[in-house]
Amino acid sequence: MSKRLTAWGATLVGLLLMLATNALADDAKPAPTVTDVATAIDTVWVLVTAFLVFFMQAGFACVEAGFTRAKNVCNILAKNFIDFCVSSLMFFLIGYAIMFGDGNDYLGWTGFGLSEAKNPSGVPLYAYWLFQAVFAGTAATIVSGAMAERTRFIAYLLYTFVISAIIYPVIGHWTWGGGWLSTMGFADFAGSTVVHATGGWIALVGALMLGPRIGKYGPDGKPKAITGHNIPLASVGVMILWFGWFGFNPGSTLGAVGSNTEAIGLIAINTNLAAAAGGLFATIAVWMIYGKPDVSMLFNGVLAGLVAITAPCAYVSPSAAIVIGAIGGVLVVLGVMLLDKLHIDDPVGAVPVHCLNGIWGTLAVGIWGQKALGLANDGLLHGGGLGQLGVQALGVIACGAYAVISMAIIFSIIKAIVGLRVTPEEELRGLDIDEHGMEGYADFQIFTTR
Amino acid sequence: MKLIIAYIKPERLNDVKQALYEAQIYNMSVTNIVGSGRQRGYSETYRGAAMEVNLLKKVRLEIGVNDNFVQPAIDAITKGARTGQIGDGVLFVLPVEQALRIRTGELGPPAMG
Amino acid sequence: MSKRLTAWGATLVGLLLMLATNALADDAKPAPTVTDVATAIDTVWVLVTAFLVFFMQAGFACVEAGFTRAKNVCNILAKNFIDFCVSSLMFFLIGYAIMFGDGNDYLGWTGFGLSEAKNPSGVPLYAYWLFQAVFAGTAATIVSGAMAERTRFIAYLLYTFVISAIIYPVIGHWTWGGGWLSTMGFADFAGSTVVHATGGWIALVGALMLGPRIGKYGPDGKPKAITGHNIPLASVGVMILWFGWFGFNPGSTLGAVGSNTEAIGLIAINTNLAAAAGGLFATIAVWMIYGKPDVSMLFNGVLAGLVAITAPCAYVSPSAAIVIGAIGGVLVVLGVMLLDKLHIDDPVGAVPVHCLNGIWGTLAVGIWGQKALGLANDGLLHGGGLGQLGVQALGVIACGAYAVISMAIIFSIIKAIVGLRVTPEEELRGLDIDEHGMEGYADFQIFTTR
Amino acid sequence: MSKRLTAWGATLVGLLLMLATNALADDAKPAPTVTDVATAIDTVWVLVTAFLVFFMQAGFACVEAGFTRAKNVCNILAKNFIDFCVSSLMFFLIGYAIMFGDGNDYLGWTGFGLSEAKNPSGVPLYAYWLFQAVFAGTAATIVSGAMAERTRFIAYLLYTFVISAIIYPVIGHWTWGGGWLSTMGFADFAGSTVVHATGGWIALVGALMLGPRIGKYGPDGKPKAITGHNIPLASVGVMILWFGWFGFNPGSTLGAVGSNTEAIGLIAINTNLAAAAGGLFATIAVWMIYGKPDVSMLFNGVLAGLVAITAPCAYVSPSAAIVIGAIGGVLVVLGVMLLDKLHIDDPVGAVPVHCLNGIWGTLAVGIWGQKALGLANDGLLHGGGLGQLGVQALGVIACGAYAVISMAIIFSIIKAIVGLRVTPEEELRGLDIDEHGMEGYADFQIFTTR
Amino acid sequence: MKLIIAYIKPERLNDVKQALYEAQIYNMSVTNIVGSGRQRGYSETYRGAAMEVNLLKKVRLEIGVNDNFVQPAIDAITKGARTGQIGDGVLFVLPVEQALRIRTGELGPPAMG
Amino acid sequence: MKLIIAYIKPERLNDVKQALYEAQIYNMSVTNIVGSGRQRGYSETYRGAAMEVNLLKKVRLEIGVNDNFVQPAIDAITKGARTGQIGDGVLFVLPVEQALRIRTGELGPPAMG
């Protein structure tokens, strides 16, 4: 008898479980399964974090506008907008196919216009696309800051097509699209190299090819300050970027269920601590070197910490994140000094922030990374030896070399066709009037003496 | 009729205005300027690059007065603006050949008041 | 023996499953069921997207403030704040009851103050209310831009009570509250007509009744530029709006589980592509027509794309979204020109953006909409003929006519009681001093010559 | 036979259930259980709301910068950034251990640096930490506004270490960390007292110890207006704060599943209605008292409503929320007047907003709170008598006394070591040049006459 | 040669410019100023505290003219700026001893035009 | 004593300052202005509507000098400001009847330096 009872009991348990899940779904709709719900939450996570990453566009726009002069403010804003518009469209038509399509180790080649596109994620294709598209947009927009106040609008527009359609997706394919770097175990969790160093290298090439702004280096070669015109605007931008980075890093898990539940917490705390340490240590560094806490360096330090933690965010402990961020903060101060020594004029510090710290963050994976947190090998300080660090260095060099060479060619072509730089008269008068026929602050009395 | 142009420290403006009111001089025009004088400015660094600030923020007053008000105006400005520290500024007195109050059409000295 | 074993095994499976779900809930709390979890995620989705839509208030405030003159900036900000305050309270007390209450085809009439209010959604009433309330707030705030720089504060305050309590809820009832338009199969997924065209029509009525700002049209009738005073502020506003729109459209699924998981991805990509296309094509259009890429038109183009995709976002493919957005971008440029021809002074372009593109987006449902994506009939280009397009046109006309007529009456009444427009002296001096006794930029030297 | 069949059937049910949940997880990964998914959604909720609360830092920065003078704008921004950096690091190293560690009724003492830290929540420790850390950051940053335009940067920096490491965590331990106030049934759902009144009391102490800004009170003792320099910036800040508060209050459920699903909806609507009522009634109050609707009071009113609803948000009905917010709005206007009477110079209104309304909101729990919504006892108006109100009052007094006394000591020590206030010359010239060597608005012609 | 300095209401600037153009006077320099005159300002409250605004926003014109253009310039300014209400402003005529057009090196009266 | 008022292109300010320093003239006051001269402005469209910008951004220098410094100052300004292109600006020399250094009370020529 007891056998029977037990059997019935088991059945009952099963049925009750099924019924329970049906409770609310009284209207014909099939009850959601646990998997449905898990996919839903993963999708919500990916979308919400994608929205946050999108919002970083506003952050970049504010920082770049705030750190440059009032007479060029419409121009820099226009560039920040149009690059996201163009890169959204190009990443839809071409970029995604190259990044994630079937192909070889170096390049994908299926899924143009997202038709029959591959979807390596556990969330719907379109949601995944959006997340990737906002990353592509970030890589594109980094460049405008270093090339600010002297680049022709049309030249920038053309550049934007190329980076989002080809340059960025290729590097993305290598690392995240199943290409050769990923096969080698190269780890860049959320894009210190793929997004930031790529953008940063291109920024460097661009700044070099353009040359410095008029008046940036005196006849004696000494760098002169060309101060930003709206520090509150820049500060809002930095805050928005920090906020958006909570999408950038934690969202890169592409899901929130299962082991990702722990992971997103870790990544979020790491992101925050690295940013905080970056800000604090950059402030201390600039204070010690120059005697006063330069607010613009505090801002750059926060961003440096954020860029640096982007690659290792999932693989390191919070204490390691603090160290990585703190070093990033000091690096950015030294990087700004170095660029000025080299007479490379980068108005907003895009190169020290994104290139230098993108590299630093990628290498940090090989130092503090932990196998227990999903990395291929333990990092240097966790007894894994130099293996991972070597792969990381290789990835840094390969991506850097590719970005620099390809964009040097592209910029040369653009220069030949439409010209990269505005005329000295336009530069002196401001790009707003000459390129856009308008002013940023029509009611204000603005100095254009510099 | 004279036009007094005075360059003073911004934070002294309220005291100067007060002193002028007490001297019954109510009419004036005020502008923001930047200037250099004996106070040579300062240098700072912005993102590590030298920033020579040799034009300091000052305030410029223009006061059109009739001849008998020149000295009271000068005294009032001096009283309100002097701190004894470098950067207190200077004032110039310029001749005015004609004055006109636009609303009333009054010409000459009556237009000044 | 094996029978017994199997039976025990089944029991074990069942028990383990139950235990597993109990793991964390050691404190008496009943274990959540799949349905609980599904409702939780739907609620989280609705709330988070509602928060994003709320944030659009900041976007509107920035755009409107940035596109008008410095001397009126406190006034326009005050209007943007107070309209959301009032419409939140009125939509709680009255609006929701009219929009979603039991009633007839034209009007609901139960659930005032949310007491025993109907809840057509699958999420808790209060969460649903918040989502609807921020939509009502959006409809209300659109109007302030077109009426900027000359409307009395008290008049605007009164108008706000009426639109959020009655005007908007009635149109909402027709379409989303089970009213006659929804019965006919009229489809406006996230509110191109319900929210944007409604706001846009009222903006048109308001601008017409007020007349142009002093100095906007020369004695020869030629329009004169009255440029915005703070383009960076406007640009931040546009970015915030774009960001918020990721709540506006994808959130309108009111859930993320099941078929909604796919839907929110589709809607999000469509929203983004239409905005990008709108921005790019507006830029191209203004560049071709006037010779320079006017940044303010780029901004308006982005918003135009967003408004246009609002109705069709769930029913069309991403490629269709690009086309809809691109046309929206061109339309907004033409719309601005047309208004100036007609001597209707709309300082921020609220009518071209919200009214014109609200209409365009609603009609686009009838052109590119797909039955497979949940629309009643296939649209024109999917072989469904003119049926859906006809219904859409009807909805556009009905809502437009209702909004225009009712608000013409309301504005007339307000005009009679307190007056709509400030005096010419106040207008010249700026509304900030006369209406609020303060200035927006106390430390800056501002031109008030215009 | 039937026995056997049934037994097999039960097995099948069990297996199918398991398979179903396995559908997507084709790669070895174990299928998520309902509990997994529930924890995932709770974690997503906690993280997303933590991100929103983080973003409030931008809000505070904008409000404080906008309400003060242009010559001090870099300084106030630097303070707002550095306090979050420092408090993140200190709350990681020390604060969390004191707030949530094992210890006694007054203080925790385990889990420094989060190593083996206690986790009272249902979400991963790191996610929980982030949520708590952004709260600590909020408490810290409130103070800068009241001490604006005259406090030395280094003094502020030192203060920040202390509040985030010790002062705030102790109060947090009493109420949320299992300390004596929580044992007594003191209820402060999201921190009217713990965060806001604490910050507000310290702001008061700071403002008192610093004394008023030069020129704030005439020789006749009459307060003089020192108007804010950038009202649009302040307005963006208020909007961001309102937006972030949707994280602050609803996020404090620390979960979204089960009974929390209803709760987060209730809390969200209450938050919104209280803010709206606060804004509207502050506007009406200032309009009636001074004849014009002062926009800065509208902003303060919104914030007052938000602070006031923070403690009771989960325990009261929406109608009560409106009343609580409305009273908060009026209180803030009266509070600003009172401070001016007392010659306490609080440039941004931090004390009326955070201290006064923090107290008011905490007391309101004892008036409108409902046992049915999870409060220990019904409030006064729900027939619960004065019991809960008494406990609330006790909590208000205890926390206030502790905050005031401890910070008076700390500020005195800081004053003795580095000095609290800049020299009169620095104050007149602006803190930006003297403390940071830079200007906020380099291209603009700024008045520094005041 | 004279320098005419006029303080007018900001919103009259366009009309004044128009009137000057009609008088064939195209050269001028314009500044924002704040000023006090017979129009004594106003007081408001900001956050409950008194705010005395006794310096009102005005616009200042500087026009260097040759002697035969002085009267036409004065007439044009008056025509464009006069509203008849308080606050219309004043103008002063100052003697100029020398003028130089930087681009061409022209000295004296030809530099004015 | 004279007051030199010069209107120059904003981007020439640094060179003018440099040239003045070389001529040992350190004292000056600088203002932002908008002006029209032979350079007639330009027209743009903003949102499709015509925008006539006939007042261009310029910088205005005021330099009070003693008589023996007038010519050096003029030369320095010319040197620093001349580009040979339209819009280089003009300068006027006005007589100053009295000068006072506020800090020291120095009167006349010594106040200028």
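Chains: A, B, C, D, E and F, in written order; residue numbering restarts at 1 for each.
Keep this in mind: a residue touches a chain if its C-beta (ideal position, glycine included) is under 8 Å from a C-beta of that chain, and two chains touch if they have at least 3 such contacts.
Since the model is a prediction, treat every value here as computed from it, not as a measurement.
The minimum number of touch steps separating chain C from chain E is 1. In terms of the stated touch criterion, the partners common to chain C and chain F are A, E, listed by label. Simply put, of A-B and B-F, more C-beta pairs touch at B-F.
Computed centre separation for the pair chain A/chain E is 53 angstrom, with centres defined by C-alpha atoms. With centres defined as mean CA coordinates, chain F is found 18 Å away from chain E. In this assembly, the C-alpha centroid of chain A lies 47 Å from the C-alpha centroid of chain F.
In chain F, the residues that reach two or more other chains under the touch definition are 31-32, 44-46, 51, 94-95.
Within chain A, contacts with two or more other chains are made by residues 3, 7, 10-11, 13-14, 17, 33-34, 37, 39, 41, 44, 48, 227, 230, 236, 290-292, 294, 296, 437-438, 441, 444-448, 450. Pairwise chain contacts in this structure: A-B, A-C, A-D, A-F, B-D, B-E, B-F, C-D, C-E, C-F, D-E, E-F.
On chain E, the positions that touch chain C within their shared complex are 10-11, 13-14, 32, 42, 44-46, 51, 57, 59. Taken in their complex, chain F has these residues touching chain B: 1, 3, 17, 26-31, 62, 64, 94-103, 105, 111-112. On the side of chain A, the complex with chain F involves touching residues 215, 428-429, 433, 437-438, 445-450. Listing the residues of chain B that touch chain A in their complex gives 44-51.
Residues of chain D that touch chain A in their complex: 3, 6-7, 9-11, 13-14, 17, 20-25, 29-34, 36-37, 39-41, 43-44, 47-48, 50-51, 54-55, 57-58, 61-62, 65-66, 73-74, 77-78, 80-82, 84-86, 88-89, 92, 113-114, 123-130, 133, 153, 230, 233, 236, 435-445.
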